[in-house]
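In what follows, structures are represented as structure tokens.
The two complexes that follow have subunit A in common; it is paired with subunit B in the first and with subunit C in the second.
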Partner chain A sequence: MALPDLRPALSWILPPLIALLLFAVSVELWVRIGEVSIWIMPRPTSVIENFVSDFGVYFREGMQTMAISLGGLALGSAAATILAAGVAHSQILERAVLPIAIMVKVTPVVAFIPLFIIWLGYGWEPKVAIAALITYFPVLINAIAGFRDVDPRMHDFFRSVDASTWEVFRHLRLPAAVPYLFASLKISVTLSLIGAVVAEFFAAGQGGLGALIWFEQNNLRLDRVFAAVLMLTMIGVTLSTAVVLAERLFSWRLDQPVAAS
Partner chain B sequence: MFQMSVSVRNRLLIVLAFVAAVAALLTIACSGDDPDDVLTMSYMAGFKAQANLPFVAVYVAEDQGFFADENLEVDIQHANFSGAHKSLVLTGEVDITTLPASEMLQIRANTGAPYVAVMLFGQRGDFGYAVLKSSGIESPADFAGRDVGFKGIIQAEFHAMLSAHGLTTEDMNMIDVGFNPVVLVEQQVEVYPVFLSNEPDTLSRSMGQDIAVFEAADDGVPTLGVVYVVSEEFLEDDDNIEKLERFLRATVRAFEFANDDPEAAIESTAKFLPEDPAPDLVHEQFILDTELINAQNDLTRANGVGWFTQQQFRALTDVLLEYGALENDVDLEAALHRDSLEEVHR
Partner chain C sequence: MIKHPIEPDAEPAVRLREVRLTYETKEGALLQAVDPTNLTIRAGEFTALVGPSGCGKTSLLRIIAGLTPPSDGVVKIFGQTPKDAQRHKRLGLVFQEPALLAWRSVEDNVRLGLQLNPRETHSSTDVNELIELVGLRGFERYRPAELSGGMQQRAALARALAIDPPLLLLDEPFAALDEITREQMRYELQRLWSISHDPTDPPRSAVFVTHSVAEAVAIADRVLVMSPRPGRIIADIPITAPRPRRPEHEHADRFINDTAIVRAALRSPTTTAVPLDAA
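Presenting the complex of A and B:
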């Protein structure tokens, strides 16, 4: 039986691994040769050692952060997509909504986290809300562009056959928007992780990687801080890869070209 | 073999003795022991500029010329919200900083960070637990069954305070509330952890609430406040010992100045506060007055301000160990250095 061709997979995996390895070796050499204090920069070897020995802790906290992040991404993306669908159909709605969307976008959300906690309670709700607020904007802008990017001839055809607004949306606008939505999700998926971690700083007693980073930073355990960041990186890469794979799946199903990102 | 004549050898000995004498004189002249030499030192306050006593002592010493009297130039910096002071004092970029005693012990025990406390300000802890008087809570014993806030970590002293009343955190609903006293006013929690010198004033004066504050120290729990901290490496250099003594002499003098005339101390402090937004000097005065009270007890009245004993730190360490805040015991011989303060008070 012939072995499967691993070259395509290796060409994806090897370059980032080699780059990361080179980066870690460079930092290790810099810390060792430059006698950099461990109180400002831990050795990559001690970070990895800690990551491996306490993997269970980082994994558990990482799953909590990922759940918050995905919750925020789902909420922010869904809300932005629904809003964008309305805006794509109505210029009046666009004029009414976009200034508010921009106002929320430029608001330093971090400064409002204590208020979110008061408004929404002490559980997962304020953290998901923060992650959603950080992620919605790229989806909104891309989705509006996508819903409007329909072929005029196809649009005329749908009108000529007396298609309803829903049918035009379902069969013309939504497929047109899919590449745009995935392009924005690639940005938003990492933003949602940042939102979740920042929100966890403010509710440090409830766990998650953000809380772990806050706690260990306060205790000057920098190897554990960087080990938590390593877990965060792994989650970020996993989620980004999942978005790329989902994009390919949807593009195939909808027979749409994959948008360049 | 070469034979040296007696006269040549004597002349050589005289020359060597002369060179040695000159070298000794130069060494003495160049050393930091000469009180006329101006020495420099860097200090980083562990937070933003405000009227906490360990900060005020430095502001007053600078403003009133006490550092100048000691021939000491002090570069005054603030860590603000960064927490950078904890690392920079260990890397030697900052000579001296401030840390709560329990935090110093915790980091030292859990990471091996070579912090050394050289002066103690808070003879009791900085933390209290505020309740609205209307809540009907009259002592920590009444916390049972209530919503009780904590800030990120449930402190060992809180566990010890509950234990003194026959309670544990299992008997109440613990909620991580962060740093916003509004949650008490809005009654989202019934007990809110406060920094004693700061938030009680915010709650009562700024928010108009009638509150009561409970402290673990009132239940006999050993607690300590903020210390001046240097690194072990810093103390290995004799020149640094001289610097430290000058620094402590000036700040002890500033402490006494602030105690005698707190309003004048706030005037000095105001020069170091950000101008925009305009500082609330009444609030700053509250901070200073509270910390002045908490920095004095029979021990300091008998030995001098800033005094501390190994027994105090032993008792605190034992509480931290009992409630799991420390992973290892602390070598207090290495973690405490009182010689310089003793020299100042001699």
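Presenting the complex of A and C:
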């Protein structure tokens, strides 16, 4: 029985893996040979060691951060898609909403975190709100573009049988917007993670990897800070991959051009 | 099932009275796209509209379809406004581009017209039979991107025919196809126009916009020639060749004579060659 040819896959996986390994080894050597203080830079090996031995803690806090991130993403993108559907149909709504949306976008929304904590308390609510606020804009802009990216001849056909506005939306605009929505989700999924972590810094003591990083930084346990960051990287990879896989499931129109951010 | 019978006392398929179309350009100048036009197309008539590019033949078709409102004049489709004709699904549109929904299979694209505005879906069209008629059997589950241009246009034809419209409106449907496919498609269109049609309606009419004289003469009962902008019907030439027409007829003297008459009318856009019928 012939083994599957792994060479093509390896040619993609090996170079970055080797580069990463080389980087880790050089940091390890630098820290050991240069006798760098562990208060400045932990050894990569001790980071890994700590990550493995305390995996339960990182995983638990990570799940909390991921839940906040996904909650914010769901809330932000759902609100943005609904708003975009309105804007795509109404010029007045577009003129009213878009300037405000852009104003919120150019403001660093993490500046609202202290306010949100006052208004919404120390629970999950202000964190989800921040993650949502940080994710809505790419989805809004892409969804508007998608709902409007309709072949005028197709629209003519819908009109020629007197299709309703709802039918045009359901059978023409919405499917046309799917690739745009996925393109924006790829951007927003990592943004929501940023929002969740930064919000957790402020609501320290309430769990999550952001709070853990904050706590361990105060203890000067840099190995634990790095281990928490490693967990965040894994969450980021998982979430981004999930979006890509979800898009594959919706394999429609993948041969069509997809809007940039 | 609501059925809107068309009165048999011969409402014409299309009646245009003093229909005019004026655009305002970006500079604010008024541009006359279609000069005042009177036109009657009888039920069952296959009418071709030929003319140079930009002469307003597509604009005229869009006015008939109710997609572009005329600046002036009256449009009646079987005695109704174009809007009512749309509502009762009496118009079957085919464009130069297939304009199929990329995310739907051939079968679901053909079904689209039946699915939209469902209160008016009274036709008992068998979608699978129609797909077979246009020669796409075996490709029901394919997506448009997996088909050739000619096959996509066949699917677009099937989609237009699915609602069994008494009036077909075709805007250069074969212009984007290669020569061999397009010569074949005109006879396919003739066949589809003449069959699979609700017998309680009048015979199916068609308005066929093209810039190919051979195509127009090969398939139509009547060729309307338009002048360059502002578009005006300058000749109305009957084509009396018997049906069904066949590709070999394109070598007959009658065909060659008829194309010569149409070409002459196209070359002398200032003369009114044949009197227009009084609408």
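To be clear about the criterion, the second predicted complex is superposed on the first by the 228 of 261 C-alpha atoms of A that agree within 3 Å, B and C clash if a C-alpha of one lies under 4 Å from a C-alpha of the other, contacts with A are read in each partner's own complex, and residues count from 1 in each chain.
Convention: contacts are C-beta pairs under 8 Å (C-beta built on N, C-alpha and C of every residue); 3 or more make two chains touch, one makes a residue touch a chain.
Keep in mind that this is a model prediction, so the values were computed, not measured.
Considered on the superposed subunit A, subunit B and subunit C are sterically compatible, since they fit side by side. When the two complexes are overlaid on their common chain A, residue A:Y136 makes contact with neither subunit B nor subunit C.
By the touch criterion defined above, A:Y180 lies against neither subunit B nor subunit C after alignment on the C-alpha atoms of chain A.
By the touch criterion defined above, A:Q217 reaches subunit B but does not reach subunit C. In the superposition on chain A, A:A203 contacts subunit B only, with no contact to subunit C. In the superposition on chain A, A:D151 contacts subunit C only, with no contact to subunit B. For the pair subunit B and subunit C, the minimum alpha-carbon spacing after aligning on chain A is 50 Å. Listing the residues of subunit B that touch subunit A in their complex gives 83, 86-87, 90-91, 103, 106-107, 110-111, 113, 150-154, 174-180, 182-183, 186, 188. Those residues of subunit A whose C-beta lies close enough to touch subunit C in the complex are 151, 153-154, 156-164, 167, 171-172, 175, 178, 252-253, 255-256.
Remark: subunit C residues 65-67, 83, 86-87, 89, 91, 93, 95, 97, 99-103, 112-113, 115-117, 120, 145, 159, 163 touch subunit A in the complex.
Here subunit A touches subunit B in the complex through residues 37, 39-40, 113-114, 117-118, 121-122, 202-206, 211, 214-215, 217-221, going by the rule given at the top.
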